[in-house]
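Both complexes shown next keep chain A, but they swap its partner, so chain B is in the first and chain C is in the second.
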Partner chain A sequence: MCSDPSSLHGLSWFLCYLTTGKHLNFYASFGTVLLLLAVTAPVALALGFGGAMLARSRIAPLAWIGKAYIAVVRGVPDIAFFLFFVIALDQAFEYLRHRIKCPDWNQPVYQGNDFIVCDAAKLPLSTSPQWMHEVYGFFLAVITFSIVFGAFAANVIFGAMRAVPRAQIETAEAYGMTHRQAFWRVLVPQMWVYALPGLSNLWMVLIKATPLLFLLGVEDIVYWARDLGGSKTPQFTSFPHGDWRMWYFLFLLVFYLAFTRVSEIVLDRLMRRLTHGQAMSGNAALRDSSTAEVRT
Partner chain B sequence: MRNLILAAGLALAASGAWAQDTVRLATEGAYPPYNFINDQGQPDGFEIELGNALCERASLTCTWVTNDWDSIIPNLVSSNYDAIMAGMSITPERQEVIAFTQNYLPPAPSAYAALSPDADLEGGTIAVQSGTIQAAHIAESGAKPLEFATGEESVAAVQNGEADAVFADKDFLAPLVEAAGGELQFVSEDVSLGNGIGVGLRQSDTELKGKLDEVITAMKADGSLNELITKWFGPEAQNLRGLRRRRHRGLHPVTPDGAPTAGAPVPTKEDAPRS
Partner chain C sequence: MSCWDTVQAYALRSLGIGEKLLPTADITLCQQVTLIGSGLIWNIYFGILALAAGFFLATGVALARTSRNPLIRKLADWFVFVFRGSPLFIQFFFGYFLFLSLKGQFPTLGILTNAWLGALVVLFLNTAAYSAEIFYGALRAIPRGDLEAADAYGFTGFSKFRRITWPTMLRLAWPAYTNEALFLFQATTLVFFSAFPALQQKGDALYYANYFADKTFNPFVPYPILAGYYIGLTLVVIGLFSLASRRLNRHLPSVPGRRKAKFQLVR
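Here is the complex of A and B:
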């Protein structure tokens, strides 16, 4: 039925239009974005936690590393990071493989502007099927997003750890807990309450940052919406139409709003659970203000 | 990028040729008729058909990759793919970073399109795609450039009044001007920029450059390249013999099967380098 779209009208035209291969790619890209978020959020959180632990370490060099990570990554503009860091990361992987796999290679890796490693060191191999290139691109995207958002998360968690009342730690130590025990049993469980408002902000920003994916060669929902919505002349498509970007972006707007709304509800519940039974001075006020912030 | 794969190799296998090298070709996928993503979600257009023909003649296995225009040159020099066919004009600035084959499209005219014939081209706001030779031209002309990531957006900016005119490859603009049904019109004289469009390659990749130059020469000599130009850009397109001066063409009827109409203008995307 869709073989001759010019004869179609109304609903049947739209049914065919909305099921072209290109639209299927558009729908699939929602899965790509959700998968990216699902993988990136826990990885970034882990990096953030690690970064915060380093930054508050009593061993000076470790603290420097943690603080440098937080300061440098937060200070570099996202676009610069996504354009150049990814290429550098890819080159670092390829260079390592190059040293291992091609020890006999006698040409320089950098030739003028060009970065050239032996064929066996390419990631993925140039003979690899396209899906491997896509998976690799996605993998680089996850690493990059995680490092960037991990730095912000580290700063939030670092602050949250300092916000836990000092008396709690002192009490733990008075009971004879070691530093390590006091950290894991008293500080960490309590600091989430203070970290959650900042982390929930980060999550929202992360959701909205996914259009940066196309800079990394991963086709995301905004890329497809822009391509599909752009006016199409009859020479190049069976479904010519004018500038429909507004409708596609409206659809994305609904998607993003629904997604962030669901996130807010979940985070709100999480906040209520975390504050449950924590009796500290100022806690009630904190809980009220942080849930209010999450809601706005 | 899932859509980007075109197995040029299929043609090869079918013809019994053998190929051992896999060459990854990058395109932008947003510049019809040079390159675009078709209804099936695959790269399509003049450069895709030409690239596949070049690969077949050179006994190369080729796959297509789409990449954002802004990062298309950095990814080439970083060896994430091997060649760029994305309507990229050969310019001295780009030649400092990458190499080009001989051109497969001659320098083509750039044109201004606006809502009214008295648009202010000297002092007004002109929409352009960033990183293109048109953008560089406007920046030098004294008019106020308004840059967009894609050509499509630069045209939309004129239609919604954000800019006084758009300056782009005439061949890219022509189908859009036609589709606008009289709302948009070409104004002023055409401007010829750049040295034509070639395949972008790493400067160190002289082997691939040699192979491609050879087959481009062969396709120019036997007329098959001109056939492709005519197919995608229309019979009045400027071909590589350069015997005919481009005339201003009228609008052309669209064929029902969606093939490019004969009258579509000849494009040349001259643009900019990414990087």
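Here is the complex of A and C:
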């Protein structure tokens, strides 16, 4: 029925319009967003845990590294980090491969306004198919997101570790536990409840950062909304329309509102269950962490 | 071309004053530092105006959320929900295309499609919503005894708000509001990366940093310069806010404002 759109009117025109190949790509790109969230969240959490452990290390230089990681990422606009890491990581990988694969290359990699590595070191190889380029782009985006959000998570977890009552650790040590044992058996299990408000806040921020994938060159929902919404003339498409970008972005706005709202309700329930019957000034912790938010 | 010549040519380039063409070949460190600093003017412009205007709207919205009229309360709740629940990046896109279609119907509103006004409006509404949430939390945290004491001394209506409620609200909200200001300044870097066009390459700090990274293929120079500028900006903002904090807390025995500000630095 969709083969001759010019004869369609009203609802059936719309149904056909919304199921064109490009629209299916648009819907699939929501999957890209979800995949990014699914991969980034655990990796960032792990990085955050590592960062917090570094920051509270008793060896001063390690503590400095941890604290610098937290402070620098938080003090500089995160889009600057996104734009930086995408190029920097790409160049770092290519440079490493360049050193391994072309050891007898004697020119510098930075020549004037160019970054030059040998052909065998290019990532992805210039002969590789289009999907390899897309996967590689997505992979870089995931690492970038993880590094940035790892620092935010490190900040939250660092705070949560300090929120665990000191007496708990002292008791553990009084019972003869070593420092390491007290950390893993007493501090870490108790820390999560304190970290949860900050981490749920971070999850919201992460959701709201996903449209930045567009800046990293991934064909995400913003890319498709711009592409599909632009006005189309009858020469190029069988579904001509005016400039609908406003409506497409309104749709994205509603999508994100629904997504953050549902997350908020679920996380609230989780928090209530975890702190059930627990005597902690959870409200204060919650307020402190939920009011300050990075904006993307 | 000496570095001083470069500064003269490019220091106000982001406003369209000085050299027309951006450097394309043989880019020097001096050019990068100057142009990225020039772009910072836009970040400061957006940040200060949005924050100053947003402050008043935020106070209004926070009060509206405590209103007894359910219609006003719902309206304020929705305002905060819409702007806090969606990405600023999408808000910029939607705002720009909304202004663009408004322009089609009312040509006088075409001015909104320029970044200096259109993006400012979006940032203003956005920061107002976030600040309203902070102020609302502070309003609810005001000790009941303070308000009862005000009643006992015969404060009513606006004078009670002006002399008791509002200063206490600000005092309680200030640490979080300082963070809000810092994050707003960071958020201004999004403007020229969303739909708003940088006419004649008049852009902000990140716009120029990105320009140099694209031109030189070396991200390790422009982005650290940008980071340096931002760390400086952050320190200035923290300094100004802690001055205000000291004034808000001047009647209290200790000086918590100072300690708070230091704490923010390490965060």
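In this section, the second predicted complex is superposed on the first by the 269 of 296 C-alpha atoms of A that agree within 3 Å, B and C clash if a C-alpha of one lies under 4 Å from a C-alpha of the other, contacts with A are read in each partner's own complex, and residues count from 1 in each chain.
To be clear about the criterion, a residue touches a chain if its C-beta (ideal position, glycine included) is under 8 Å from a C-beta of that chain, and two chains touch if they have at least 3 such contacts.
Bear in mind the structure is a predicted one, so any value in this text is a computation, not a measurement.
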Clash or fit, chain B versus chain C on superposed chain A:
clash
Touch test for A:E173: chain B only (first), chain C only (second), both, or neither?
neither
Figure out whether A:D268 sits in contact with chain B (first) or chain C (second), or with both, or with neither.
neither
Tell me which partner A:S231 touches in the superposition: chain B (first), chain C (second), both or neither.
first
Looking at the overlay, does A:V72 come into contact with chain B only (first), chain C only (second), both, or neither?
second
Of the two partner chains, chain B (first) and chain C (second), which one does A:L257 touch, if any: first, second, both, or neither?
second
First, second, both or neither for A:D243, with chain B first and chain C second
both
Tell me which partner A:E219 touches in the superposition: chain B (first), chain C (second), both or neither.
first
One more residue to check, A:S6. First (chain B), second (chain C), both or neither?
first
Residue range of chain C overlapping chain B upon superposition on chain A, of 6-14, 60-68, 78-86 or 96-104
96-104
Could you tell me which stretches of chain A are touched by chain B in one complex and by chain C in the other?
83-84, 87, 91, 112-115, 214-215, 226, 243, 245
Would you mind writing out the residues of chain B in touch with chain A in their complex?
1-5, 22-24, 29-30, 32-33, 36-42, 44-45, 63, 65-68, 70-71, 74-75, 77-80, 82, 97-98, 150, 152-153, 155-156, 159, 175-176, 178-179, 202-205, 254, 256, 258-261, 264
The answer for chain A against chain C in the complex is residues 67, 70-72, 74-80, 83-84, 87-88, 91, 110, 112-115, 155, 208-212, 214-215, 222, 225-226, 229, 243, 245-246, 249-250, 252-253, 256-257, 260-261, 287-288, 291-296
Residues of chain A touching chain B in the complex:
6, 20-22, 24-25, 28, 83-84, 87, 90-91, 94, 111-117, 122, 126-127, 130-131, 133-134, 137, 214-215, 217-219, 226-227, 230-231, 233-240, 242-243, 245
Per the touch rule, the chain C residues reaching chain A in their complex are 25, 27, 81-82, 84-91, 93-94, 97-98, 100-101, 126, 130, 133-134, 137, 141, 176, 179-180, 183-184, 186-187, 189-190, 193, 206, 209-210, 213, 215-220, 223, 226-227, 230-231, 234, 265-267
